[in-house]
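Heads up, the next two complexes both have chain A, just with different partners, chain B and then chain C.
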Partner chain A sequence: MKADVSRISYRPKLALAAASALVLIVLALLPPFIGLYQTQLLTYGLIAAIAALGFNILLGYTGLLSFGHSAFFGIGAYSIAFLLRDAGIHSMELYILIGLPIAALASALFGYICVRHTRIFFGILTLALSQVLYSLALKLFWITGGTDGLRVPRPTLLAGTISFTGAGAFQRFIDAYYYYVLGVFAICVVVMWVIVHSPFGKALQAIRDNEIRAAFLGLRIHRFRWMSFLISGTFTGLAGILWAPLNGLTTPDVLYWPFSGEIVFTTLLGGFRNFTGPIVGGIVFTYLKTYAVATTEYWQLLLGVVLVLLVMLLPTGIVGAISAAAKKLGPNSP
Partner chain B sequence: MILLRTVDLRKQFGETKACDGVNFVVNKGEFISLVGSNGAGKTSLVNLISAQLKPDSGQILFEDKDITFASVHERIKAGIARSFQIVNLFDALSVFDNVALSVFTREGKTAKIATLAEHDQAVRDETFDVLGRFGLRDKSSVPAGGLAQGERKLLDVAVAYALRPKLLFLDEPTSGVSTRDKTQIMDTVSSVVRAGAVTAVVIEHDMDVVFRYSDRIVMMHEGRFLADGTPEEIKANKDVASILLGAPLSA
Partner chain C sequence: MSILIIQILNSLFYASVLFLIAAGLSLIFGVMRIVNMAHGTFFAVGAFATAWLVARAVALGLPAGWTFLLIPVGAGAVALLGIVIEPLLRPFYRRAEEYQLLVTFGLLLILEDVIRVVWGGLPLSADPLMDALPIIRIGGLIYPAYNLVVIAVGAVAALLLWAGIYRTKFGVMLRATSQDRRMASALGLNVGLVYVSAFAIGCFMAGLGGAIVVPTQAAVLGMGIDALILAFVVVVIGGLGSLQGALVGALIVSFVRTAGIQFFPEIELAVLYLIAVVVLLVKPTGLFGSA
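Up next, the complex of A and B:
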């Protein structure tokens, strides 16, 4: 009997939820087996995945390539450094609760300026605005610490119930912070998945595919692009908030344009035409960069070669290539 | 009852007069064909009415309201929709999503960010109903980019139809398809449009199609209306015959 396609089917979503839960369990069980250093690296990877996930709603789902997302990452990182220094706040939850609206506000403002343009003009505008912030971070050294940056000591977690002082504090922090970031990462993935599968997400994809037709459906193009920019910047800002305590320091480097390039690279590496691409890209790029830096002083050259090969051989990224291969090998393949 | 009226509508591109004082009246419930040779001004007229172009002068009245300077969004809200000469779809989205988006937009649900699009049963039902009318129900999960040309043409019209417009402009719905597909497409489009009580204006070159499906035919030539009447009146019009055969017009 043929299934009635007009009825909602929950089976694919249950399968997806089960697969996601399995991945989450594996990630949760990993730390005792991989050791402290790898746990720290994986935490960086998850943070990069959150940034790329946010970036991809703009690139993959709205069709806008930003070269200025370092701005939101940097705003997230600096906002908590200021909260710590100027307001004496040590709680990670307060960092997120206060830092997130700051990142959202900056994204809303930048987005308002940028989304009136597309293609290269959009990219250049985002780049220019992010470099204004970079210059301010460098020049206003009495506020930002200049090139020295600002220290971000280990915060307390879960409303001050977990703090990190005394002997073995670093190890305890990495262990606890990994699970903290993993929890935030899981929430981010669910939230972003719902967004891109919502009517709003479908409208973004329609605008990406065919702006003129989308306008003739009655969609207000600029408003949707602005909303996408706002969500994207806020997610990337959250990644900056999570990154600063792990790094222990924030410097103007995270506002500089090569850092925006890294976010683009991360997303391309995983694949920007599928949901999981940026997640895989975030984790793989973190390891790739870490080991490239450890291997050679010409690590930028190595990453450049990887990027060239990626564009030439895997234009759909790692996940795109795996999906294509799976389709070819699947039971219904020709 | 008059649905749409243009008053002395003019649009010029350089020396070319795309619309040269057009007074176009569309009555509610009509199925009108807009014909004429290439460059006659048919698509420009539709572009002016649908807000893709701004007129140099003149007025556009829809249900007696002046919409001459209304935005695309406002005109769609008023009840004007269109399809395009070159198929204009969201190729990476499924056939279902293409039509569902029209329904979401019409219902003002596109700002919904925290619910899954495919879990809106009302939208789902209406989308499948529209797809069924256009014979595309079985293709609902196929990406629009993967459809055959005839199906793409039908989907293009279905996307506009799902907006539930009062006035629907169809710009060459049968261009680029085989003769057999043309009949199938026009049979489907005309029956769906008539069943839905939608007023339709179709730009078409194939005169067999035009004479077979139209209540009224309007012929444009060099930005002006040359003839306006029933298919029988148009068939009997010598100027129309001259244009169609490439002969000079009568004095």
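Up next, the complex of A and C:
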């Protein structure tokens, strides 16, 4: 009996690790085949996936819908723009090392305020707080550049060993940066997987499913929600840090509340009740938006229709629908 | 002294428009329990529709005085839009809040582009209405009489809405549905009709806000998205679902904003959001909310 139990708990993990490794290898081999533009797009997609992955620990695992995650993305992006302009730092590693604690600090502060409420009030609180930052970025133009934003030129990678100047710098940057982001993405996925499958992650899900019962079990609800918020904001902040050099510019748009809506959209698109949903959502949404913008002037209309249809027909998202279909087809498959 | 009077009038003008938007948002939440993220866009539709109608009417040679009749027409068009949209939202009333927010966010994206399809991306203005009325003197300063009309419209709308909800049979039906939908339905109320009416009234108010504000400023893309956030601040301060709350919230926001523009222009918006945050923390149901 004992062997049986261990086999049951062991096998899916092994299969999962093998599948993830396969996906990672495929992603690593892609750039030469798909060309520069697609590589750049895929990098944007991976960054969106990191943001959505962070967002989902709050929505999917803790049951709190934030409409203010643009704040952390924006803090990430703006903090490295400031580091560059005011401290003259050009190294991507330093950006991450300094930017991450800033994002974490902001998330801790916002989270401390916001987790006192749930449901709609939580959403409005996060929205209001994020818009405080937006209005400051907009109005304090001598610090933030106002609507013009701040430029973020290409940083050096790997402690200054790879820098991008001279001819063909753009191509080399996109190629190298793709692998850089892919590496960070892989680390993020592993860290997030460990978090949500740890006792801490289980506690979050218990709180999501039944707050009162979780409280009776002795879980300190507020603290768990706060921790979840902190992790969530930090991941989304990291996405902002990675995004700014790729975009070359950071503007108040990434702090404005419709951008928070896009993060929610992304997560829902992939499916927020499972781990891989936000990752798929991040990549699919990036392509969807890019092609919608390229094909029609009225891309918002298209995205809006997709969103409404999604909620109506596919509330569990792409991954949710696929896994439901897989369950139906093969009763023995996990 | 006269500058103070003008600033107070400015605040009342702004409060009047904000109240119209926020009261509709609050009414829809009170009856249907959905937070309509597309509400600001209804306000924008009202502004665009009215500006377009006024331009048509002036081109056809209608005297400027008559164009005032187009303000309720513009608002009515938004109410019609609401009547069309409400039945489409019904399947979502029983869904989780996340889905409701997302559907209305989708609606916002759709309507923003519908505005562009119908009226193009350029700003539309309705100056003839503003010019039709004289400019009055207050002390040594001048002030457009049109702004006083806006203040009056806001006040009358608040009064009518209050009377409609608390002094008519329809108001009783509305409040009954808001408190207990199933019981109201069991007692023979046509809940679907109440929903459509409440949504249409909410849209009419938002549309009216857009219609009366458009002569003083042009209708531009994105105006609804900005307006929604301020309406959120108003209902958060006043209390979601409360009519008095929307009125008091609108007054607080406008006076703080007017003072902000005068004394601390850089952080004027940030202060408003922070007030909303503080109210949510101290009294999450708002100053007048009960739910």
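As a convention for this text, the second predicted complex is superposed on the first by the 322 of 334 C-alpha atoms of A that agree within 3 Å, B and C clash if a C-alpha of one lies under 4 Å from a C-alpha of the other, contacts with A are read in each partner's own complex, and residues count from 1 in each chain.
Note that in this section a residue touches a chain if its C-beta (ideal position, glycine included) is under 8 Å from a C-beta of that chain, and two chains touch if they have at least 3 such contacts.
The structure displayed is predicted, hence computed values, not measured ones.
By the touch criterion defined above, A:Asp209 reaches chain B but does not reach chain C. In the superposition on chain A, contact of A:Thr295 is made with neither chain B nor chain C. When the two complexes are overlaid on their common chain A, residue A:His197 makes contact with chain B while staying clear of chain C. One of chain B and chain C touches more residues of chain A, and that partner is C.
Once chain A of one complex is fitted onto chain A of the other, the partner contacts of A:Gly218 are limited to chain B, with no touch recorded for chain C.
With both structures placed on the common chain, the touch criterion links A:Val308 to chain C but leaves chain B unconnected.
By the touch criterion stated above, A:Thr147 is placed in contact with neither chain B nor chain C.
Common to the chain B-facing and chain C-facing surfaces of chain A is no residue whatsoever. Across the interface of their complex, chain A is touched by residues 35, 37, 91-92, 95, 97-99, 101-103, 105-114, 116-117, 225, 229, 232-233, 236, 240, 265-270, 273-274, 276-277, 280-281, 284 of chain C. Those residues of chain B that touch chain A in the complex are listed here as 50, 72-73, 76-77, 81-82, 84, 88-93, 97, 100-102, 104-106, 109-121, 124-125, 128, 137, 140-141, 159-160, 163.
Interface of chain A with chain B (complex): residues 5-6, 8, 194-195, 197-203, 205-206, 208-210, 212-220, 224.
On chain A, the positions that touch chain C within their shared complex are 59, 65, 67, 113, 116-117, 119-121, 123-125, 127-129, 131-132, 135-136, 138-140, 257-258, 261, 264-265, 268, 297-301, 303-308, 311-312, 315.
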